[in-house]
Amino acid sequence: MSVVYPDNRGRYGDYGGQFVPETLMAPLKEIEDALNEAMKDESFQKEYRNELEHYSGRPTALTYADQLTKTLGGAKIYLKREDLNHTGAHKLNNAIGQALLAKRMGKKKIIAETGAGQHGVASATVAAKLGLECKVFMGEKDIERQQLNVFRMQLLGAEVISVSSGDKTLKDATNEAIRYWVAHCDDHYYLIGSVVGPHPYPKMVRDFQRVIGDETKRQFKEKEGKLPDRIYACVGGGSNAIGMFYPFLEDDVELVGIEAAGKGIDTPDHAATLLNGTQGIIHGSMTYLIQDDHGQIVEPYSISAGLDYPGIGPEHAYLHSSGRVRYESITDAEALEAVKTLSQAEGIIPAIESAHAIAQAVKEAKQMDPSETIVINVSGRGDKDMNTIMEQFQEG
Amino acid sequence: MTQMVEQTRFQKRLKREKNLFIPFIMSGDPTPEATVEIAYTMQQSGADVLELGVPYSDPLADGPTIQEAAGRALSQGMNLTEAMKLVPKMRERGVTIPIVLFTYYNPVLRYGLEAFAKAMEENDVDGLLIPDIPLEESEEIREFTEQYGVELISLVAPNSEERIKRIAEQAKGFLYCVSSLGVTGERKDMNPDIASFLEKVKHYSQVPVAVGFGISSYEQVKLVQGHSDGVIIGSKIIKLIDAHREALSNETTRAGALQELQSEVEQLVKGNE
Amino acid sequence: MSVVYPDNRGRYGDYGGQFVPETLMAPLKEIEDALNEAMKDESFQKEYRNELEHYSGRPTALTYADQLTKTLGGAKIYLKREDLNHTGAHKLNNAIGQALLAKRMGKKKIIAETGAGQHGVASATVAAKLGLECKVFMGEKDIERQQLNVFRMQLLGAEVISVSSGDKTLKDATNEAIRYWVAHCDDHYYLIGSVVGPHPYPKMVRDFQRVIGDETKRQFKEKEGKLPDRIYACVGGGSNAIGMFYPFLEDDVELVGIEAAGKGIDTPDHAATLLNGTQGIIHGSMTYLIQDDHGQIVEPYSISAGLDYPGIGPEHAYLHSSGRVRYESITDAEALEAVKTLSQAEGIIPAIESAHAIAQAVKEAKQMDPSETIVINVSGRGDKDMNTIMEQFQEG
Amino acid sequence: MTQMVEQTRFQKRLKREKNLFIPFIMSGDPTPEATVEIAYTMQQSGADVLELGVPYSDPLADGPTIQEAAGRALSQGMNLTEAMKLVPKMRERGVTIPIVLFTYYNPVLRYGLEAFAKAMEENDVDGLLIPDIPLEESEEIREFTEQYGVELISLVAPNSEERIKRIAEQAKGFLYCVSSLGVTGERKDMNPDIASFLEKVKHYSQVPVAVGFGISSYEQVKLVQGHSDGVIIGSKIIKLIDAHREALSNETTRAGALQELQSEVEQLVKGNE
């Protein structure tokens, strides 16, 4: 792979970097050094792959969506089944990698931020598995909305720390996790859940998630003897998307990232950071974000808690500006419809996040030729969303 | 570096280089008018430099006290533009000490780097402190602050280690030493290793070395002054101000409250007499 | 495999058979013939294995329980991860097999019974996947208690039929499904969820579940170069247990099935059919069941909805009588404690059903020598049980 | 087959072999006492054989009507033992037609096969019908029913196909033909293929062929009698009884209710006159 970013300042073109308080420069350097060394160490790689295979159950399946393909009558559709990972989403790939790194660095305690609780659960899970202490920062509002995930984390032995600053949601939980880390970076490792944050996080999380794309490439070739024409993935922070896209960046494959349009990209209630945001800094990284005219960060909106983040990974900002990846957006209503579509056509209830990618793919697959092929990354399963989906369908 | 001959606004306004007292106040907390008066009161209490905070939605280097002050200020409609406009009013009121704008980087980017540097000059701002850009990311803004005669204040932390030299050598105005790992806010105990850390910093620094984060009592002020050129006091000052919030917000009661505030601040930095 | 039962009457020693109304004899024969023919057909076998691999994500991992082993200080513990299957339990193995058979038989409609909803969800899932119509019979009481699973089945396109006869729970849902089937056996296939019911169901479900044991044998040999000393599995109807045990029946491996002791095997509130029940007929099969002195079936009790069945598969009755499998029982309280134990030691929240097996294994592993090895079948994940677990821990 | 010379109790009591009317009633519904009287009333209404149901917790061959009747009977404390005890009382009351016990297999197993067969003999039960044992599973109980002179009634269904011959050839008492696929309970329409099905059954059967499941009107009775030797009426009878539940439960009103029941049953099997 000859993609040469990030540069040594952690920049992807104009994006990325380390916009953090001075106090964090040392811990970031420590992580970067440890990471570089670990990634070169065959025993670390082996340990990481071992946990992916024998703990999380990788490789995840690449499922041919027989009925969906037939119903739409267009491109041949495959689903990359990240929903089959232990704990139900791609999040664990990264959590495993970082937790192993933390352990290698001699850190006995990890901290993590979470919105809906998916990354929190993944972090609590690997912490339990590796015998680390785990604190999960979570907005007060999210704690109320996601009681089951809160309990799940506690059952796994993690401490869930309620964050009452700001809007009391994911962005604030992240702020608070960073604040806590600043004060405790000597013995705590901060396990970020997506390709966001200061360098080396976006790169590290990408490298722990690229297993999605690497596997897909191999599996797709086995099944079809070629590469897919297009690949779809939803984009919140952007980790499942970059994990899927990265190994295909230099191939002749169209890559499509789907943001959450919430109630509509022309309303204030959306989370379409690239399509409707502006350049700036969030959580230590230069990227796109949703902000007001004075540079105050604005609370985004999406029905899916995992896409409801006002920033986006800097590599996506770069791939957007370079035009290598096409970004689209899908509304709440379209995503919910796609949940239904996939459930009834394939017996797979996707996470609402993933349903954004499905909705866009369904739109486009119809227009494509049956000789063309696509892959949709099903980043997670919908079990966590059943209450939301139920409420929505019962209202509507 | 041939223009070193001319003094910056900051340097001209700084009256001494030892035992500096640098209070931090939040623009617009409790009201924009009160902030102007508070600034003057700080000068009256012995402040050598004023750190004027600009509220931000996501102040990730700050503890709860300053976060909450920012929240109150934001709900007063305060922002970067309005905060800069307070400075000429402070000058009018008689504030002659250097004023350093404390703001996160995102509002600055949104404003536009050059436009912002120019506006600082126009509004008579002497220095700029951005808590979320380390040396490595400061190049772009530095170009403009230098062009418009604004001192870009640098920070060093106890874990900066081999970075101390690089940071200290290019420091402008004063060098902000973070007392210990963590965000702003009061601390019961001071970092016991602070002395050796400060020695190292002073060794490389050409400008006064001031210590901030967590200083909240006269004992701590004395301790820190002993090893450095000054103290920066933020959260404790915000709390003292906040205790008078209502009186300060109201024009008829403001004067009395300011007087009380002055004596409280003096007690904090000068001790019981 | 030279185990020669069931005989041609579907008997496992004294147990099994076809105790059904005459009207069902023809459909049962039709299934038996179709099954025998399909099992010999390599293309059917291939299709079945293909769905297991590329849809459900098999093989499921065999995870070494590092921390649990170290904490207990006894036998080396492995976990067979049926929780990683699509839809979260072993149930899908069987649902896939039977639905493929139904399709092959030309049936376009399937019916299924469900208690907590796990088998209902599995059936609705494969029905969606294969384009079959699906009706799920579920007791009125269970519908109330398991609203999310009801909605999940509906989202998958299944019709959930509320059963208000009898005790309005699983036993009655099964009765009602059988009644409906009797009337509609010409175009409906009845997809039973465990190794229960009249011949050929117990054999068929076993043969579709034995993939658990077959995989375990291969994986364990790869990792340890031998066979495990003991294997543990929970027993409700008995499908995950028989699926695990069957390939080991002729090996020198101790097999332990764990029934639900509910509030205690000496109280009326238990579901320990073999240990505390008596011989009789339930749902068309001669086996053990919980009944009163007059042969009326008694509603069993267990905190885990999947073990809360008054009968048990006839093959277990046989293996119990022959002594080949040892049966033990675990109370609600012990199972809940085991949920916590596994969650915190390994980052795996098991289904409460599976926790019964874990609890027994934990008890015994401590007493064993570190040179000995055991496998616990983690039949499903605990997500479905979070409300129950939360309530229990908040009460306690 | 050398003992065919001696007639069974059932055979002795059966008065004709054509146009049989076989009602099904549930022991203990609404009360054990009422059941005895209802049995007699059935005979008075023209019943040729009485099917006496034993309530079971899991009657999987039955539709809602009989399920509910079983539920009511169970809550009256009815069970296999008690149901058998009703038969001598019926004899005392004057019931002379054959009485066939209808019970699921599990209570029988629980009772013990031989003990049960013996108890049937002692209680003067003439026949036994177990809806959940097909021919293949009937060997064990058959051994004992034969030993104790009880006719084991067999069932055939429209989908029995090549099994019809085997079942019909060993049928005892009468052969129960299930009218159509499904459980007990009323049906709007009769199976249109019933005629050819019944022809086939009659071809092999040595005993009267009676049709049950879903017969609930005089028209259906007529239709079925035309192709067979008799009708079995269950759910409809249960409903007629249930309409008088209160009156039948009460000794003082029972006689009147029985009279009404008798005329309703007569209307059902004999038509409007």
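Think of it as A, B, C and D in the order they're written, each chain with its own count starting at 1.
FYI, contacts are C-beta pairs under 8 Å (C-beta built on N, C-alpha and C of every residue); 3 or more make two chains touch, one makes a residue touch a chain.
None of the values given here were measured: they were computed from a predicted structure.
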item	value
If a chain touches chain B and chain D alike, it appears here	none
Chain located farthest away, centre of chain C as origin (C-alpha)	B
Chain centre separation (chain A, chain C; CA means) in Å	35
Whole-Å gap between the CA centroids of chain B and chain C	67
For chain C, residues that touch 2 or more chains besides their own	none
Per-residue overlap in chain B, given as positions that touch at least 2 other chains	none
Pairwise touch network: line, ring, star, complete, or other	line
Listing of all chain pairs that touch each other, if any do	A-B, A-C, C-D
Residue ranges of chain B in contact with chain A within the complex	56-64, 67, 74, 79-81, 104-111, 131-137, 155-161, 163, 167, 178, 181-183
Residue ranges of chain C in contact with chain D within the complex	9, 17-23, 25-27, 165-166, 171-172, 175, 178-179, 182-186, 278-284, 289, 291, 293-298
Complex contacts: residues of chain A adjacent to chain C	53-57, 60-64, 66-67, 81, 83-84, 86, 88, 124-129, 131, 147-148, 151-152, 155-157, 339-340, 343-349, 383, 386-387, 389-390, 393
